[in-house]
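In what comes next, subunit A is part of two complexes: it sits with subunit B in the first one and with subunit C in the second one.
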Partner chain A sequence: MISLAGRDILHSWSKFVLTGIGLGLLIGVTLTMAGVYRGIVDDAKALLNNSGADLWVVQQDTQGPYAESSSIHDDVYRSLLSLPGVARAANVTYLTMQVRLNNTDVRAMVVGFEPGQPGEPGYLIAGRHITRNHYEAVADVKTGFQIGDTIQIRRHDYRIVGLTQRMVSSGGDPMVFIPMKDAQEAQFLKDNDAILNERARTAANPSLNRPGVPGLLEAIQASQNANRNVNAVLIKVLPGSQPDMIANEVRRWKHLQAFTRVQMEEILVAKLIATSAKQIAMFLVILAVVSAAIVAFIIYTMTLGKIREIAVLKLIGTRNRTIAGMILQQAIGLGLIGFLVGKTAATVWAPFFPKYVLLEPGDAVRGFVVVMVICALASTLAIRAALSVDPATAIGG
Partner chain B sequence: MRGFGIQIEGLSKRYGEGDTAFDALKDVNMTVAPGEVVGLIGPSGSGKSTLLKCLGAVIAPTTGRMTVGDEVIFDDGWKIDDLRALRRDRIGFVFQAPYLIPFLDVTDNVALLPMLAGRPNGESRKRALELLEALDVGHRAKAQPSQLSGGEQQRVAIARALANQPPVILADEPTAPLDSERALSVVRILNQMAQQFNTAIIVVTHDEKIIPTFKRVYHIRDGKTFDEKGLELH
Partner chain C sequence: MKLNIFFSRKFGLAAFATVLLIGFGFVVSRSGPLAPTKVSITRVQSGSLSSSLFGIGTVEARRTYFIGPTAAGRVKLVQVDVGEHVKSGQLLAEIEPVDLDERIRSLDAAYARASSAVVAAEAQRRDLLARQTVANLNAKRYRDLGDKNFVSPSAVESKQQELASAQAAVDASDANLQSARMEVVRLKADHEALGQQRKNLRLVASIDGVVTSRDAEAGSTVIAGQSVLKLMEPNSLWVKVRLDQGRSRGLANGQAASIALRSNPGMPLTGKIVRIEPLSDSVTEERIALVAFDQIPVGLSIGEMAEVTVQTAANQTGLTLPNAAIKQTPQGAGVWKLDDGKPVLVAIKLGASSLDGLVQVLDGISSGDEIIVHSERELSAGGRVKVVEKLAGTRQ
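On to the complex of A and B.
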């Protein structure tokens, strides 16, 4: 038996291909939206993986350092190191800000870390690690910075000495790593005018500037300008130790909050990006409905254009299922062209997106099945129209 | 050898019920022998199309008896279950316009019917080519319908009607879009095919030019059939 659908497609292939390309671009957008969601989740996981930590210790009653602000003293890590099962503990700071290069700003997450400890950049793709205590930086390639560039963070200039990859915040901002002391200063130290103003205010306060108490005012002013806080302490546990048990110890005895890897992933994926995920899901639903409507409309219009031929086919004895099969196959064919175009388009344009777009093969397979189902469902309207054609309309009168 | 190509006795068709009831066909009788081509003429609204639809097993008559070949297909009710198969295997159709399937080439337009009947593709195409040769359009076998002239398209439509060797062909104003020469050529072909394939052909027409070419003509008026002398057929 001849494939009526195949012959019709071959006969008017340009119409099919052009329609398929239009549909394909829509499918490409849908696949890209799914890729954007996957990219956000993958960024969050990469953030946790690359930190090299098993436990995140943050301020009590907070879900820091990524989801909420957290501030703890920078000597806390010493007491944490004394806990059984802790191999390494290191301070980290995170601050999302505008980093200046020449006359342009780049939005980045500035990370303060201690070299050789959890929290340092996982691997470099160019240059070297930070070897000096101040004014050197390692940046993610997504910042666009080059080795040797001088960037400005707050009041100080930093030279880029190394480049890393896939080190981004949960919001997709690329990271810039600088030494811990510099990061604390960038995060907590006020500008010179504010310091002078604060000193004058303190000196004008009679309770803080008492006559006959030498050294008190200087001591108070010095403490006001000291930076003794960090956002979190990252802990690497000893092999064979239970992170859950260590986290319980931290919560019980140190008056701090501690999260395991699983809990932190829950915070990042289920809470922090939940709204974005819902937003993208809504887009996916709308795009699926629009795609279905377009396929239904196209197939329906194409079928209406063949009503006389369908009446003739029915009159000369063609089975209803042959006619329904023809329309269904055309819808599926359109979906197939659309999917191929969409997948190709998404693959081509994904690298140009500013944030990471992860096109997973599993999503492509699921997308293909959904497109086929949508096309099959969308063809039902046209099939109903075709099957309701009276063969008598082929005979005049 | 078949007894009849087609025979109808006392066929009537009523549309609607009660006060709005309308009798489109009233006690119609007609017999067409195998190999015979008859004309069916009548003014608009006379019941031609209704009769054609009944003969084509597209709509059910209200009462009467209808025999195609040697099989009673209607006797105050359908006697067979599968009208679709009946139309496919036992009745050929030629329309006012050829209505060829535009996305199939000439051969496949003709071969489609045997294929629908379950015959192998090769055998169906062989049969199609034989018919196209017989109708003098064999040289256009690979062409698309849009590449044919009106007369060629109508010949292909005739070949399609003959493809399953039906005992009856119903032709609904097959010469309407053609000029005189081509119209007469189509009638000549129908006569030739009727004899060659022993098929009964009923040609519904308004075309005064071709009416004299029929050996027998049925007139239909107000839902009743009359012979050439104007006598009502009972």
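On to the complex of A and C.
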């Protein structure tokens, strides 16, 4: 028994293949859009994963450090370390800024961390961890920095000693890790003009610059330039401890806000990236519907294009089942080619996107099922049209 | 001919299907959950590392001198300016003496007067001594005449009384003279005291040094203890270095240090640790060490930032690993070891570390073990890995 579908495909294989590739590219775009949406959500989760923390302790009544700004004293971690169940606690600062390399600058989230503590990059893809407590940096590979580069953050130069990967902020900006004390300075130290201006203002204030009290002005100015704040304390709990219990303890007795991993994810996914994620999701839905419609129309018009041949088949007495089978097989074949091309294309071009595109296998499977179902549904329309054709059409009726 | 076309079509289609399937298979195996994690590995070997510490500090003067008055006053003149070298004992500034000179002149007059009073008292004493001599002779003569009853006893007693009076007058003049002399001494001491006070208003250099700050100008009023000028000894400059407490192990006096000044970071200078402060900063959690230059560079400015690298111990041998391989877990440090091509987390004990990123491993692994250094994502025990030469390049 010969395959009617196979024969037909062979007859006009270039048309079939080109249609399949075209369909595939459309499916690829849809899969990529799904990947963009997943990527946005995954960026937010990567931020939480990479911090390696079970609890985030921030300023009272804020939802920091990612969604809101938060500022707490840098010795708070000592009192947190003494809570039962806390294994490790470390200060951390986050500051999104332009990091300069020669004449260009890169948007990056500068993270101040304590080496060997939560907040440190968990793995490197090149180089080493920071060994000096000043002026060394580990950068995400997405920044485009290389080992040995000298980057500029505020007034100091930092040497890149290590590279890491997938360390991004919730907005997808790559991270640059620098030692805690440098980060505090970068975040809170004003520029030289502002410092001079501030000194002049203080000196002009007669109640602070009193002739009878030498040294008062100097003392005030010295205290103005010191800032010993951080954005958050990351806590790693002991195995077997309940982060919720510790969070309650911190909220109740330390007059600080504490978030567990689940709460933080809620803040990031449901609040911080909600609008942009919904925007992409909306677009994804429309794209999926449009793609489905186009797939259906292509299969339908392809069958209509063969209406004369089908009429001939009917004329020579081919059974309806055989004709229906031929159309269904072609539709499924087209869908298969489309999916394979689409998935391959999406995977090939995904790394070139500036932000992370996460192609989940689950999405691919769902996409495959949807494509097949749409092809089958579209073919039923085409089958209806084919079966209702008058055999007389074959002889020019 | 027709057959050929038919077969070529069939082959074309088959070729397309093969290419598509191979492409898809490649994509599935290279990305997604089925793809292995790319890693780079190193073999544990024994080596040597020289541990050193890194800190930043500022250039400071070991001794700084605040030159100022001991009592409130108005500055009369300031003779030196910032940056000038001064010699020990050189007049730097002077405080307005107000009425001090007049008081000295008044004392001078009082002193002259007191000296005259001494002369007058001496003359008076001489006069009284002469009277006493005459009274003594008269008394002796009358006593003899009285014994021979040439004069009445009352006349004798009268002369005796004159002698006693003259004697008393001499005693009084002695006391008077003594008092006048004492007055001279007192006024002299007062004079000297005022002179000292006057001298105290001259602010002189206590050492050979350089003026670092001119804090008051002529005409401005300063209070006791406030500085008019600040001096420092240029040959006492050193660097006050702050080192992270967590990484200050092995710090000791006398260790060699390399000092990179912010003004000239490419040419590090040599020095050594001369003091480790017994008090460390509990707020910043830093230890403070003082590093002296082997040779103080020309044009060094106080307050300049410097990066200091201290050699704490030379060439310790043992098993070493790059620090990128070390994972911190709540149970302590660990490394991913390749066991039959699968990663296994092994707990290790760490020793000294060097600034170039090598860590000494005391326990947990043995020489020749394959340890994962870099990985493109977090590893899990038993996960699939693919060993590659390197994951990301360095700029050429």
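We take it that the second predicted complex is superposed on the first by the 325 of 397 C-alpha atoms of A that agree within 3 Å, B and C clash if a C-alpha of one lies under 4 Å from a C-alpha of the other, contacts with A are read in each partner's own complex, and residues count from 1 in each chain.
Note that contacts are C-beta pairs under 8 Å (C-beta built on N, C-alpha and C of every residue); 3 or more make two chains touch, one makes a residue touch a chain.
None of the values given here were measured: they were computed from a predicted structure.
Undergrad: Scan A:Asp8 for contacts with subunit B and subunit C and give back first, second, both or neither.
TA: The answer is first: A:Asp8 touches subunit B but not subunit C.
Undergrad: Just checking: does A:Ala204 make contact with subunit B only, subunit C only, both, or neither of them? Give me first, second, both or neither.
TA: A:Ala204 sits against neither subunit B nor subunit C.
Undergrad: Please determine whether it is subunit B or subunit C that touches the greater number of subunit A residues.
TA: Between subunit B and subunit C, C touches the greater number of residues in subunit A.
Undergrad: Check the residue A:Arg128 against both partner chains and state whether it touches subunit B (first), subunit C (second), both, or neither.
TA: Only subunit C; A:Arg128 stays clear of subunit B.
Undergrad: Which partner chains sit in contact with A:Ala222 here, subunit B, subunit C, both or neither? Use first/second/both/neither.
TA: After superposition on chain A, A:Ala222 lies in contact with neither partner.
Undergrad: Could you look at A:Thr318 and tell me whether it touches subunit B, subunit C, both or neither (first, second, both, neither)?
TA: The answer is first: A:Thr318 touches subunit B but not subunit C.
Undergrad: Tell me which partner A:Val348 touches in the superposition: subunit B (first), subunit C (second), both or neither.
TA: So A:Val348 only meets subunit C here.
Undergrad: From the superposed pair, tell me which subunit A residues show up as contacts to subunit B and also as contacts to subunit C.
TA: 10
Undergrad: Spell out the part of subunit A that touches subunit C in their complex, as residue ranges.
TA: Going through subunit A, the ones touching subunit C are 9-10, 13, 17, 49, 75, 87-88, 116-117, 120, 122-129, 131-135, 141, 146-149, 161-163, 165-166, 181, 211-212, 214, 228, 236, 238-239, 337, 340-341, 343-344, 347-348, 359, 361, 364.
Undergrad: Give every residue of subunit A touching subunit B within the complex, in rising order.
TA: Interface residues on subunit A, with respect to subunit B: 1-2, 4, 7-8, 10-12, 308-309, 312-319, 322, 390-392, 394-397.
Undergrad: What part of subunit C is in contact with subunit A in the complex they form?
TA: Residues 6, 9-10, 12-13, 16, 20-21, 23-24, 27, 30-33, 54-56, 221, 223, 225-227, 243-244, 247, 283-284, 307, 322-324, 326-328, 330, 353-357, 373-379, 390-395.
Undergrad: For the complex, give me every residue of subunit B touching subunit A.
TA: Checking each residue of subunit B against subunit A gives 48-50, 52-53, 56, 58-59, 84-89, 93, 95-96, 99, 101-104, 108, 111-113, 115-117, 121, 144, 160, 172-173.
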